Structures are given as structure tokens and as C-alpha cells.
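Have a look at these structures, which come just after this line.
There are two complexes below, and they share chain A, which is joined by chain B in the first and by chain C in the second.
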Partner chain A sequence: MTRLNLKRIRAVAFKEFIQIRRDPRSLALALVIPVVLLVIFGYGLSLDIDNVRMVVWNQDNSQFSQDFVLNFRYSKYFEIVGNIDNYRDIQRLLDNGRIMMALVIPKDFSHYLRSGKTAPLQLLVDGSDSNTATIAMSYVNAVVANYNVHLLSKTFQDQGLVPPKSLSQRPRIWFNMGLESRWFIIPGVISMIMMIIAALLTSITVAREWERGTMEQLISTPVKAPELIIGKFLPYFAIGFFDLIVALVMARFIFFVPFRGSYLLLIFLSMFFLTGALSQGILISTVAKTQILASQLAILTTFIPTMLLSGFIYPIFNMPKFVQAVTYLVPARYYIVILRESFLKGGTLATMWDEAVFLFIFASIMLTMSVKKFKKKVA
Partner chain B sequence: MQRLEKKFGDFTAVNKIDFVVKQGEIFGFLGPNGAGKSTTIRMLCGIIPPTSGSGQVGGYDIIKEQHIIKEHIGYMSQKFSLYDDLTVEENVDFYSGIYKIPRNLKEERKKQVIRMAELEDLKGNLTRTLPGGWKQRLALGCALIHQPKLLFLDEPTSGVDPITRANFWAIIKNLAASGVTIFVTTHYMDEAENCDRMVLIYKGTIIAMGTPTEMKTQCMKNDVLEITIADAQNWLERISKVEGVKEAALFGANIHSVVFDSEKAIPLLRVFLEKEGAKGFTINKIMPSLEDVFVSSIEDYDETQFKKN
Partner chain C sequence: MFERIKAILAKEFKQVLRDPRMKTVIFISPLIQVILFGYAANKDITYIPTVIYDQDNTKESRQLLRKFTYSKYFVPKHYIYSVQEQNAVLDKGIASVVLRIDRGFGRNLKSGKEADIQLAYDGSDSNTAMVVMGYANTIISQYQEDLSQEAIADQPLLEEVPKIELRDRAWFNGNLISRNYYLPGVIASIVTMMSLLLTAMAIVREKEIGTMEQLTVSPLKPIELIIGKLIPFAIIALMQSMLITTLGVFWFHIPFRGNLLLLLLGTCVYLFTTLGAGLYISTIASTQQEAMMSVFLFYTPVFLLSGFAYPIHNMPIVIQYLTFLNPLRYFLVVIRGIFLKGVGIEILWEQFIPLLAIGLSVITLSSLRFRRRLG
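Coming up: the complex of A and B.
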């Protein structure tokens, strides 16, 4: 291979910069989309469940039962929106989605407890959103368990005995003490933004050259495939980093996600990720020579895997073994870990070594493949 | 070029053609649409590789030394293929970067090229806003920024008005005069007169080759007669039925008639017209136009192919 020429690379990069500047659509895509995505995901996609709306039908209406209901009333996880005295209303409210669940305390609740028997409770839950329902039920379980402990110790005390020792968990959650799901989502959104911007924009810009016939002209000139690719990379590299910085600033100062790692390290590792994603864009454009097809392919091969298979929202260890194997091919999987470590855990190169190596491999393979494929297409 | 061939799947676009272009000449590559003109030019410029055969451009092998060839040629494709979201000047700058024009020559070359394309007053305009003919001139300018020794023009004047076309050919002739070899494809037969030498390609095969005069005198088996006669239109059909006449067509106020052999046809026509009572007519053998040559060559080719099968 002959030496690459800086002058040519500069000419291509400069031309590309001008074109981006003149094209309001790609400019918007590059600069507005990241902000929009961060806002949508940052505010919209909260995996936290609190304020579960519920009603109570307290048939017993005793001191005991009212005490018990107070546990729900003072919890931030529940919101009692009313008291009900028939099943018809419960059914109506569940049907039209005004409430998530209904608690029914039977007439003889206090009677059972006083006579030392187990008192039944009825919980009616809207299971149409099974995920939320499961979480809401686990909250209820916690309330009931708490109340049981309370009852037990009270019984012992009433009889003048020392309550038995019991286990008491004092959880201390590291890295995300408040278990704010936003802290966990924002790093994922950043990786998604970078992937989409890089792959989508580059694949479109190359496809446009095929579509308009300018590629044919370029092929007749002495410009070499790597020169063309690098020249096209540079502006999008700049945009990618600009987006990364915007996202970091938004994460820190709008969503108040802490940043405990090293900015320099994150930026360094982001270069690998971005190189891989940009190369993927070039690779796509060697298959898809129209802008429409290229953008569809880019979304299919970046957005969807990043969304579903990177651990962004759905934990990888929950997936079937086969799907888990596939996730190793999704670069965002590694980048998300790096982002999360940098934001929340104060990760160092040592703690993220595996991910860094995988990203490096991803970037090298994609870059070589795209140059090779591209060369074949143009020569 | 030797036995240059290009196949797309089963379809043979260019069927083992051979030709030589001399330095500094305007070489016309003519033929109807789909004959294989663009395919050939794209093989020569290194845009697509030939399926088989070999060739040299400027002394370099078209398969092994493509990258050297590309430094020395200019190529202008059929379709306008500069960046229409760049200004005239930015397009020129881009190509001067691609061709590594040294900094000290850059401004001067740019001026030259823009002056040649007569776009001095519009150099800050987006290329998108230029009319078709002007875009073509800009494309030519960009293909010349590195002063190539060889210029490949693929249908440079398609879709351009006659005045711009004439203008364009004036530029091309100037270039040739300054020593640039020009390889041009076209399907406008009147433009072929501008070429020093030409080949006619049809269905991927070269069916005629030579200078315009050679083509007219040697490649045509039939003769062309010009008949001046009053009320030519009314005579047309009757003349075409005379023995020895292949076809007859109106040409202005006269009739041009292709005959198998003028020696025999002229007396027959004379007798026929006199018998029919025509007065004051003349019949002369004339030099066929290139268009006549091409049409008759293509017909001959089709006929022989048909007989073969």
C-alpha cells in the first residue's frame, strides 16, 4: 500500500464539513437528536415505581386494621386514592386503570389476630403490566412482613417477655444509593446516541455520494479508499465528541448523575467506540447505496441491538444463553459498562480492562473490514 | 486496447474490442445508447475492471497501474457529478486538493479553470443553482485542474443546448491543440465531425473505424444521391419504389436517397422521373453524412448477424 496523503484527507474532510454545515437535516440529526433522546429517556423512561395508586376496602374498621393501613399511607411507594365499600367500584377502577391495586381487609381481621390466628388479606392487582405488578406486590410483601414483626414483638411485650432475636437487614447500596434508575439509564442513552449518530450519519453521507454519482467521479481520481474514509471520519468524529460532551454536561447538570471516574479515560475509550461505529456506517454504505436503505440498515444494526441487547435496559444475565452469546457482538455492551463505571463507580482502566480490549478489537475489525470492503467497491 | 471485454453476468457489454488512440487527437467513440460506450470509458478510467483483455492508457497498464493512470487523466461522466451543495469555487478547491495541486500553483490554476468555464461572476454560487450547460463546464474545469494529458469525456453534451454544445466543442478543440489527447463518447452524429478519428461501436462490437473522410468514403457500401425537385414531398414515395433505391428521405426541400449503386440508379431514376413528367430536376451523387454511414453500417451489421443465426 502506498502512503496516505494528508492533502487529500484534508480536502475530503473540509468538503464534508461544508456539506454538513449546509444540510440542515444532518445538522439537526447531529446536534438536536442527542438532546432530544437524553430528555426523552432521562425524564420519560423511569424504571422506578413509586406512588402505586390503590384503594382500600376496610371491612373490619378496627384499631388493628386502621393501624395496618397507615403503613401504606405513610409509604412513598403507595398512594391511597380512596376508600371503597364494594367490589363493583374496585372492578370499575381496575378496569379503567385509575388504580393499580386494591386492598381488601376482611370483617374479622382483628378478631383473628386477637385470637392468635392468621388473618387473611385480599390484594387485587392489575397484572396487565406484569413488571410493575410484580414490583408493587413485593412492596406490599415488605409492608406485611414489617407489620408481622411489629405484631410479634408487641405480643411478647404484652406478655412481659423479651422479643426473640430476629434478623434485620441493613442494606447499604453502593454506587447508586437511592437506586435512581435515571443514573443507570443515562449512560446507556449516551452510548445509544453515539452509536446512532456515528453509524447513521456516515452511512448516509457515503450513500449520498453513490446516489448522486459523485462517487464515480471520485473513483476516477487518484484518491485512495483509506484517504476517503479517514477524510469522511474526521468531521463525524468531531460531531461525535461534541455530542459526548453535550451528553456529559446534561447528565451532570440536568439529571444530576454523579461522575466519579476519569474524563480523560472515558474520552480515550470513546474514541475506540466511535471509530468502530463510524466504520460500521461505512460498511453499511458499501451494501446500501441509497440514503433510504442506508439509514434503515443503520437503525436496524445499531439502534435496535443497542436498545435491546446491550444491557441498556434489560439485564444481559436474564437473557437466554443464545441471546447472551449474541450480546458479545454488540459493541454498546462494552461501552455502556465503561460509561456506568465512569459515572457511578469511579472505574479505572484496570477495572474496565476487558471492556476496553473488546472495544479496541471491535474498532480494529470494523475499520479493517470497512476499508477492505470499500476498496473492493471503488476499485 | 487489446481484446478488451466486459461482462455483466451473462450480458456482454463490451465484446473484445481493439483500438489505438494517438497522442493529441480527438478520438470519437460513437454509438447508439447501450452500445457499450460508457462501459469502455469506465474501464479505461479504472472505475470498473475489465472481465478480460488488456490495455494501456498513457503507457500504463489499465489493470496493474490504475493508480498511476488516475493521476494523469481527467474524467467527466455523463451525469453531472460534482457536489451541488458546494459553491463553484469550493468544488474546484476540493478537486485541487484531491489532485494534490501544490499551494503556489493552486490559486492560479483555480483562476484559469474558472475563467475557462466562464464562471468568474458565479464562483461564490452554489453549484445547484447553475443551469445545466454551466454545470457541465464546471465539471470539465474540475477534470482539468491537474492539467491531465488525457481527457475522457462521456457524453459531455447530452442534454445541453446547441449553442452551449458548440461552445463546449470549441473548448475541446483548444485543449487538443495544446496537446491533450481527448477520448469522447457521443451519440450525436453531427458532433462526430469534430473528431480526428473515430470508431463506431454497436452491441459491444466495433463495426467501423477511421477519420471522418475515411468513414464516409470507405465504410459505406451504398451511395447517397441528392435529388432536387419541385414538390419533393409528393415524389418521395414514388422514388423510393424505383429499382435500385434502398430508401428515400426528405432533407430540407430535397430528397436524399440511399441507393445500392449510383452508376445504375442514376439513369434509372432519370428515366423514371422523365416518364412521370417531372421537369427541372437534378440528381447528384453526394458525400454521405456520418449519420448515413452509421445507420447503414449498423443495418449491415444486423443483417450479417441475422444471416449467421
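Coming up: the complex of A and C.
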């Protein structure tokens, strides 16, 4: 085992710092990108589904059916953008995406209901975005179900009978009472930022030395492999750490995501993640000798899995079993749990123990592998 | 002129594909992304981890709970017996929803009083919670419907009770498979990322290692240099989009209802923007690291504010107007229109015009800037 020389590490770190400073725009980008991501996700994007745009074709056009439509008009979930009197227009509006759905009230709607029959109600939905469509359809279902209960008890009352027993539900939403999608997304964005900044930035630092031919110079100095890796690592660790603090402050004080856990614990665990991600970047950089290849590999092995396989947006329990198995290899999976628990659930080390252990393993494996791989490349 | 363009084309192709690993990445990257998007990027909730807390444990309560568990969506993970356990399963994220029925439920129902079920949702994933709530509502209203029918049967005096029956039908994607919606969009995401990154980094690389000077002293005119630089990446991007289409259609059975040639044409028009933007970034960035970060800075807003994963009509109004400047917005409508709706140019021209306008302005601006920088 070689003993690490602090002076040499400092020298490499210093050189890397100078290199970063000489390229101030890269540094600026490393600080701007997190802010841009948070602003877009925080202000621009929302998974909340309200104001579903719809048109109504009221063939019945009686007072009765108009009253029924009011249930939609006065709901915050729907936005009636117009009335329509033929299927051609519905088709056209659905085709060019102007509306999400169309409600068709048949000619005898009120007649049927008044004479105690079942009246059909037609709903045409643009299913291309199935998630939104499912939620929008369940809103309509709820309106209709409520109306049916109302019709039923009214009929009973009209006949002088006691309205039938009914089932009520008391929903309670934990951790995010208002179902604000921002609270769900922002902690995930932080893990994405950490991954992008850490892995993408470092993924080309070693490849750059190869490409420019300065690697030979470094090899001919007395610097040893681990010293070189750690020296390269430190400045980027500082950048990543800074970005983490910026992201936490923005999440807390600009987007008002509640924070119920411990800052110290979160920052401590974030360091594991950061170390792992940075080492992974350096590992990629060592394997790929050109920067273009390194950047492609980094996107493929860090950015894409973090977006898709971490539970950031798509719930893991809903994936096919073999994909679920793969997600265990994605470090962001654990980090996102830690972030969400810290923000929304008041997680402690006791509740996040497993995730912490996995991140520690990830960091140690990546760090060892990047040093080993580098040694072999140089030799 | 063609001779010279041909020469530089050959050089560029060689340079990109010289590294066999690069060839692999260009081929593998779309492959992996399609597979991931196909299997993992799924917002159709078909599996809801459910925890049951039945304090009543009567025939009635079990009957209601069975309505949930028989629905195939609500999968019971645990049965619990205390409030502490309920807190624990929600804290740990084991359950998306806890169905809780308090003592007295069965008795209340039998005596005609109002009985209730409590549903505790894990709201930390707000979108999933919304879908789960929708399913739960449906099941509860079905149970309510059963109760109503029983009540009606008990009243021989009542003849008929009015009711509305909802007949819903989803167009374009009848089975509501979110894969059909997302997967075609992967074409856009890969074409964007690849063409931007390859263009910007390849040009900056020449600057970085000093071979750009050699090119500028050669008899190549700037426009020839630009054409020669951009065409290989355009061809790579087109090949990747064909690969994605093939995989999507034959492996994932995404419907393809429109015209393949129109899709290729749309991709070509879209490439004007991304190649142009890549060229522009290459004139600003002095290192490949900077080029890569700049590409990311450009890519993320374009990608996120395009309607790819997040519906545009949900965005704040100001941002909705901004998205009119986003070429990906139009390209996605073209892709989805061709795949899912089978519409042709008679409807899509509304998208092609802004797409072409943005593309031409971006590529003209960047070419001018590139020429000035070179001169």
C-alpha cells in the first residue's frame, strides 16, 4: 500500500483549480445549470392536473341538462372552452390537441332521468397522454357518481322514504396534504443536479489530459495514481458541495418545500453520494480516452438512469420485476429516498439506514475502481 | 465544391467512427434508452402496494376490502393492527395507501347509518397518489352502487330510480398505455442530445487540439466546412431515429399510423435547429467541457418545456407562451401525430412552418457567426 502524500495531492488539486479558473465559463455553467433546473422544475413544470380543457355538446339542451353541466363548470378541475354541435368539430379539436375531452349529452338525457331510467352520457377522451387521461377520467367519474347518489336520495325523499344507507370515505393524505407536485419533484431534482454536475464535469477531466497529451507529463512526475485521482476530485467536490447548498436553500426558501428531517444528516449522506458520483465520472473518463466518448458514456450511465430508474418521476414499484432489479444498481435510487424522507417525512438515520449503507458501498466501490482502473491504464 | 465537401465528409465520418467504442455508443445509446423508456418510464399505475388495517373485521368490512383487493390494482402487502404500524408503513414508503376501517363499520351499515372507510395516502409522490385516489374513488362508488341497488330492492314501492351511466372512450390510445405516448418522444430526445453534443464537441475538439487552424488554411470555404461538419451528424441522427422507430414498432408494438417519409422529413427539418445550436455553442465554447455544459444548459429547458413528459397546458401562462419558441414542442406534435393519430401534412403543416422558421433562423445565425469567427 502506497502512502498518500498530502503535498502532492495539494499540488494536483491546485493545478486542477487553476485549470477550472482559467475556464470561468465552465465554472459559471456548473453553478448556473442547477439554478436553471430548479427554476424550470419549480416554476415551469407541474404534474398537478387541473383545468382539464373540454367541450360540451349538449344535444338535450334542457334546463335539467344545463344544470348538470354546471357541475363541471364550477369545478376547478375542468375548464369548458366551448359548446359544440357536431362530432366533426370534436374530432378536429381532439386531433390538434386543443381539448383533452368532450362530453356528449344525448337528446333524451333529461327525459330518461325524469322517467326514472338510466341515461347514457358519452365522454370522449384524448388518451395519448394516458396518465393525464386516467386522472381526468376519474374526475368525471367522481362527478357522475356524486350526481347518482344525489338522484337516488332525491327519489327516495320524493317517495317519502328514508334515503338509503351510504358509505362515505375519509381520505387523508400524508406528507403532502395539498398533493403539490413541486414537493415531490424538487427533492428529486437535487439528486439529478448532483449527478449531472458531479459525473458529467469530472467525466472529461482525465480524458482531456489524454487528448491534449498532458497525461504523459503527469505520469512522468512523482505523483501516484491515488494522489492524482484525489487531487482531481477535490475541486469538483467543492463545486458539487456548493451546488448542494444552493439547491437546498432554493428548495427551502424559494419553493417552500417543507424540510422535516436533519440538515446535518442530509449533508453528511450527500457526501457519500457526491463521492460516488465523482468517482464514477473519473472512472468513465479513464476508460474513454476521448472527451466525446466520455460525455456519451456519462450521459448513458449517469444521467439517463438517474432520470428513469431512480423513482425520480416513475414509481419503481410499478416497473417490471427485472427492471426493478436493475434499479438497485442506480445510486440515485437511494439518494432520492434520503432526500424525500429528509424533506417530507422527517427521516432519521434509523429510518434511512439501508439507503445510507448502500450509498457508502457505492462510494467505496467507485473510488477503488477509479483508482485501480487508472493505475492499469497508466502502467 | 462537391469534391471538397466530399473530402471533409469522409474525414468527419472517419473521425467520429474511428474509435470502435464510439460506434458502439452511437448504436447502443438509443437502444438502451428505448428499452428503459419502454419498460421503466411508466406512469400507468397497475400495482398499488396496499396495507390493510381492518379493526372491524366483520362480513361487511371484509366485503368492501375484497372489492379493493380483487381489482388487481390494490395488492395487499401487510395486514396491520395498530396506529403505530400505520405510521411506520407510510414513513418507510411501504404502502401507497392504507385502507383503514374502524370498529362499528358493519354495525353502522346494517342499521342504515353512515359508515366510513379511511384512506391514508402517501402523498409524497403526488402524481401516483392522484391516480390511486381515482381508482379508490371508483371502487368506493361501485360499492355505493351495490348498496343503492340493495336499498332499491328493499323498497318494492319504488319503481325505478334514475341514474347516469358514463360511457367513456379514449381516442388514439384506446388502452391508455403511457408507453405509446412516451416512446415516440424518445426519438426527439436522442436526436436532440446526440446532434447537439456531437456537433458542439467535435468542432471544439478541433479548436482544442489545434487542427482547426489547418482546416482554415485549406482551400475549404467556410460554408463547405460547415456542411461537411454537420452532415455526418445529421446522418447519424437520422439512423438513430430509424432504429428507435423500428424497435418501438416491432418490439414494443407502438402503433405507427402515419407516413414514415413524413417522419424523416420532420426529423430533417428539426435537425436544422439542433445542428445549428450545436454549431453556435461551438463558436462560444473554448473547451469541450464548456461545450458539454453549454449543451446541457440548452438541452434541459428545451427538453423539459416541450411537453415531452410534462403537459404544456399545465405550465404557467408566461412559460406556455415561451414554449412557442421551442422547436421540440412542434417536433413532438409531429412525431406523436404520425405515430398515434396517423395524421398527415394536411394537419401537421401548422407544426412544420414554425419548426422550419426556427430551424432556418438558428442555422443561418450560427453559420454567420461561425464564418466570422473563422475569418
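One rule holds in what follows: the second predicted complex is superposed on the first by the 371 of 379 C-alpha atoms of A that agree within 3 Å, B and C clash if a C-alpha of one lies under 4 Å from a C-alpha of the other, contacts with A are read in each partner's own complex, and residues count from 1 in each chain.
Going forward, a residue touches a chain if its C-beta (ideal position, glycine included) is under 8 Å from a C-beta of that chain, and two chains touch if they have at least 3 such contacts.
The shown structure was predicted, so the numbers you read here are calculated from the model rather than taken from an experiment.
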| item | value |
| --- | --- |
| Room on chain A for both chain B and chain C (clash or fit) | fit |
| First, second, both or neither for A:290, with chain B first and chain C second | second |
| Partner chain in contact with A:14 - chain B first, chain C second, else both or neither | first |
| Partner chain(s) touched by A:222 [first = chain B, second = chain C, both, neither] | first |
| Superposition-derived comparison: chain B or chain C, residues of chain A touched | C |
| Which of chain B and chain C A:3 touches, first, second, both or neither | neither |
| Contacts of A:23 with chain B and chain C, given as first, second, both or neither | both |
| Which of chain B and chain C A:212 touches, first, second, both or neither | both |
| Smallest separation in angstrom, by C-alpha atoms, between chain B and chain C in the superposition | 11 |
| Contacts on chain A seen with chain B and repeated with chain C across the two complexes | 23, 212 |
| Chain A partner contacts - residues on chain B that touch it in the complex | 42, 45-47, 49, 66-67, 70-71, 73, 75, 77, 79-86, 90, 93-100, 152 |
| Residue ranges of chain A touching chain B (in the complex, touch as defined) | 2, 5, 7-8, 10-12, 14-15, 18-19, 22-23, 212-214, 216-224, 379 |
| Residue ranges of chain C in contact with chain A within the complex | 16, 19, 21-22, 25-26, 28-29, 32-33, 36-37, 39-47, 49, 64, 90-93, 96, 108-109, 112-131, 133-138, 140-141, 143-145, 147-148, 150-152, 155, 157-174, 176-178, 180-181, 193, 197-198, 201-202, 205, 208-209, 284-290, 292-294, 296-297, 300-301, 304-305, 309-311, 313-316, 319, 333, 336, 340-341, 343, 347, 350 |
| Touching residues on chain A, where the partner in the complex is chain C | 23, 25-26, 29-30, 32-33, 36-37, 40-41, 43-49, 51, 53, 94-97, 112-135, 137-142, 144-145, 147-149, 151-152, 155-156, 159, 161-162, 164-177, 179-181, 183-184, 196, 200-201, 204-205, 208, 211-212, 288-293, 295-297, 299-300, 304-305, 308-309, 313-315, 317-320, 323, 327, 337, 340-341, 344-345, 347, 351 |
